[in-house]
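Sending over a structure as structure tokens; questions will come in a sec.
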Amino acid sequence: MTSPHVQIDGVAKSYGGAPALRDAAIEIGEGEFAALLGPSGCGKSTLLRILSGLLEPDRGRILLGGEDITRLPAWDRDIGLVFQNYALFPHMTVAQNVGFGLEMRRLSRGETRTRVADALAAVGLTGFERRRPAELSGGQQQRVAIARAIAIRPRLLLLDEPLSNLDAVLRSSVRSELRELHDRTGITTVMVTHDQSEALSIADRVILMKEGGVVQAGTPQEIYRHPANAFAASFVGSPPAALFALPPPAAAEAAGWQPGASSRASTAARAAMIAAPASAICASSAPCQCGSRISSFRSRLRSRIAFS
Amino acid sequence: MLAAKSARGLVAPAVLLTAGVFLAPFLLLLAMSLWSQPPGSLMLDVTPTGEHYRRITTDSYYMTGLARTIWLSLATTAICAALALPLAWWIVRRAGRFRGLVLAVVLIPMVCGALLPTLGIVNLIGPLGVLNGTLKSLGLIDRSWKLLGTQAGILIGLVHAFLPLMVLPLVAAMDRLPRDAEGAAMSLGARRRAVWTRIILPLCAPGLLAGSALVFCATLTAFVTPLILGQGKIPTFATMAYQQASLVLDWPFASALAVVMLAILAAIGALGWAIRQALPGAAR
Amino acid sequence: MKLSGVLWALLTGAVLLFLLAPVAVLIFSAFDDGKFFRFPPRELSLRWFGAALDSPEYRGALINSTIIACVSTAISVTAGLMAATGLSRGGLKSRALVELLLLAPLTLPLVVWAIALLQIYARLGISGTFGGLVLAHAVITLPLSVRILLATLAGIDPQMEEAARSLGARPLRAFLRTTFPLALPGVLTAAVFSFLVSFNDVVVTTFIAGARWMTFPVRMYSQLRGQGVDPITLAIGAMIVALILAAVIAGELKFKWSRRL
């Protein structure tokens, strides 16, 4: 495997003693569209700010294209960032907003104009150059924010909850547009979201986080079909997986074990049965080999649900 | 919601007080500045005359006084802005739970009136005061640094008195800065300096403008601080007007001086309004 | 990063020190035993505080100032609360204009006004009278009250009063039982600031005060212009400033005054 484009290596950050990130380790390949998924407070936004350079980690390393950028200030990173509330500059026109990063890079006026026009065209806002942010709708403001971030031709594009401030109708169209934009530009993209359907539908790879650590990383298929544990199963899937905590004898029986026949009976005390929409798995606190029995459990489970 | 009739009844006393006792005298002042008072008499001659204005504009005493006053006002405004910007930024971004306490300290010159802090400043910068005493006992100077009775001394007093007028609007403006605007600028490649000159200062410009107008106008019309810290040696326009009204008792002439001050303030107000309109994002 | 933080803190500290220094020096210098303050002082004593409390002249001026400040504060807060209620709950068409009018004295120069007032008072024969002083002080404190109370009422839901009325309370009673208790911190803030402005005013009062109703700041001002700093003045000034400081800091911590200005 070639070395990943983005490598997050044991990054930790705590706020006044409360850990927000615990030694997170993540790799993202070149040109990938990755989604950081997790409930609020899982550390995904902290990780995004650390990637962008607006926040310094307590320890750990960030590598971008093999180069250690951990101590590099935000303005030297060439990482585009689209904020959840867009953070457009209210005193500048759309063109000035989009051209801001180019101005900071001291590009010539002609070059700036071309790149601003290209970026605005990419988000479908040609002709809006002279408007001010306050004169735009929420969806248009977001497009300006995206154009501003891609105009600098970033090595990495970060999107913070890009769909959360949009109404339901816009959300699905923006979702596909974001994907198209990514496919067209080929910019490695990391999106933060708390919405599993968003993550599963857009991203090439989903990184599921909880309490400052990575729970599972993989393709949407992998995450959906084979959740790594009870949390993953309950967070991913629509509708969310049903979770059954079973008392030891019932757990054993449900799994088809003979009472006393399994040396893992004590383990089963902490076992939970998970019926995800597509699969049922046994998430026990110790490894077990009951996978083969799951399918028979599935049919039994169905009848149980029917009865209760 | 109240009925319009009772709402008008509630507002009436305040409106009457303000319009009748506060605004009406300004109009009378214009008329009174055209009256005259024959020398050696306290009787008024109400035949309109522009004599006072001619005297103000031709007598170099008043014109140098006016120039000095405008220079002091500009300097006070500039120093206040330079001190208030870092202080306001610190209050908004770093003070945290000390914010209230620091703001209370900022309010001190406002709540103590013009006189009491000035009294403290006399003892602070006087020839035997704390500043000179400290410098002397440290061996840094052997003769007192003369501040009392100089423009520098007046500037210290004016900046102290009117700094809150600059800090409060700036704090309000910085509180309203859009979240993440600095972060966005940095991620686009702006260094700290560019973040300040391109994002923070332009967005705080209305607050800075409001504060500057307040400080400039307050300084232009201040007479207590210049009289005491200047020890009467440095006449400003307002101290001249005060002396004419209170000591010389030439009220028509004092009125004319007051009208000139009012005219300058009106010009400043109009200028400020024009700048405000020209600021980007004024439509908001 | 860390270094710039330290620099900011140092700069801020210096500005705060500058704001505090005159007041601190004033309080400190009142403890100097000598007739003329010098730093470092030869000896510290409380004797000027004793002399200040014994001086009938100063006591009279302080009492005058207190009475005038109390009466004008009562007028200012009452008229201010009425006006703020009418403006924020009345739906008046001319609201913006009335607000502009009521807040105008905050931006118009008081000296200019005082020079005009002096002449009008002289004509009416009320210069140096209690009524004349109270009227002037009520007018200069009114805009502060209006501003503070408008901000206070804006934060209180008018529907509460309507709910009280729907439950059978007459309008005044509904106001006194619902809005007024919630507005009380704002009313108190307006009262304290009105009192301070009136009590400390020298700009306007020096033009219209007379021998009969001499206020403390005007006394002190003429003393300062005439004979220079007098240790008794210092002692009284120190006591007043210490009181104001304590009140403002306590008020800021309890009522968040700075948010209402």
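Order of writing sets the chain letters: A, B and C. Residues in each chain are counted from 1.
In the analysis below, a residue touches a chain if its C-beta (ideal position, glycine included) is under 8 Å from a C-beta of that chain, and two chains touch if they have at least 3 such contacts.
The model shown is predicted, which means the values in this text are computed figures rather than measured ones.
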Greatest separation from chain B - chain, by CA centre = A
Best-connected chain pair, where connection means C-beta pairs in contact | B-C
Interchain centroid distance [CA atoms averaged], chain A/chain B, Å | 54
Could you give the separation in Å between the centres of chain B and chain C, each centre being the mean of its C-alpha atoms?
-> 18
Using the average of all C-alpha atoms in each chain as its centre, how far is it in Å between chain A and chain C?
-> 56
Of all the residues in chain A, which ones touch at least 2 other chains?
-> none
Among all residues of chain C, those touching at least two other chains are none
Spell out the residues on chain A that touch chain B in their complex, using ranges where they run on.
-> 49, 52-54, 73-81, 83, 85, 87-92, 100-101, 104-105, 132, 134, 145, 148-149, 152
Interface with chain B, chain C side, in the complex: residues 4-5, 8-9, 11-12, 15-16, 18-26, 28-29, 36-40, 79-80, 82-83, 85-87, 89-92, 98, 101-102, 104-105, 107-120, 135-136, 138-139, 142-143, 146, 158, 162, 171, 193, 196-197, 199-203, 206-207, 217, 220-221, 224-225, 229, 233-234, 237, 240-241, 244-245, 248-249, 251-253, 256-258, 261
Touch list for chain B against partner chain A, complex = 178-181, 183-191, 194, 198-199, 202-203, 279-281, 283-284
Of chain B, residues touching chain C in the complex = 1-2, 4, 6-11, 13-15, 17-19, 21-23, 25-26, 28-29, 32, 83-84, 86-87, 89-91, 94, 100-109, 111-124, 126, 128-130, 132-134, 137, 160, 163, 168, 192, 214, 217, 220-221, 223-224, 227-228, 232, 238, 241-242, 245-246, 251, 254-255, 257-259, 261-262, 265
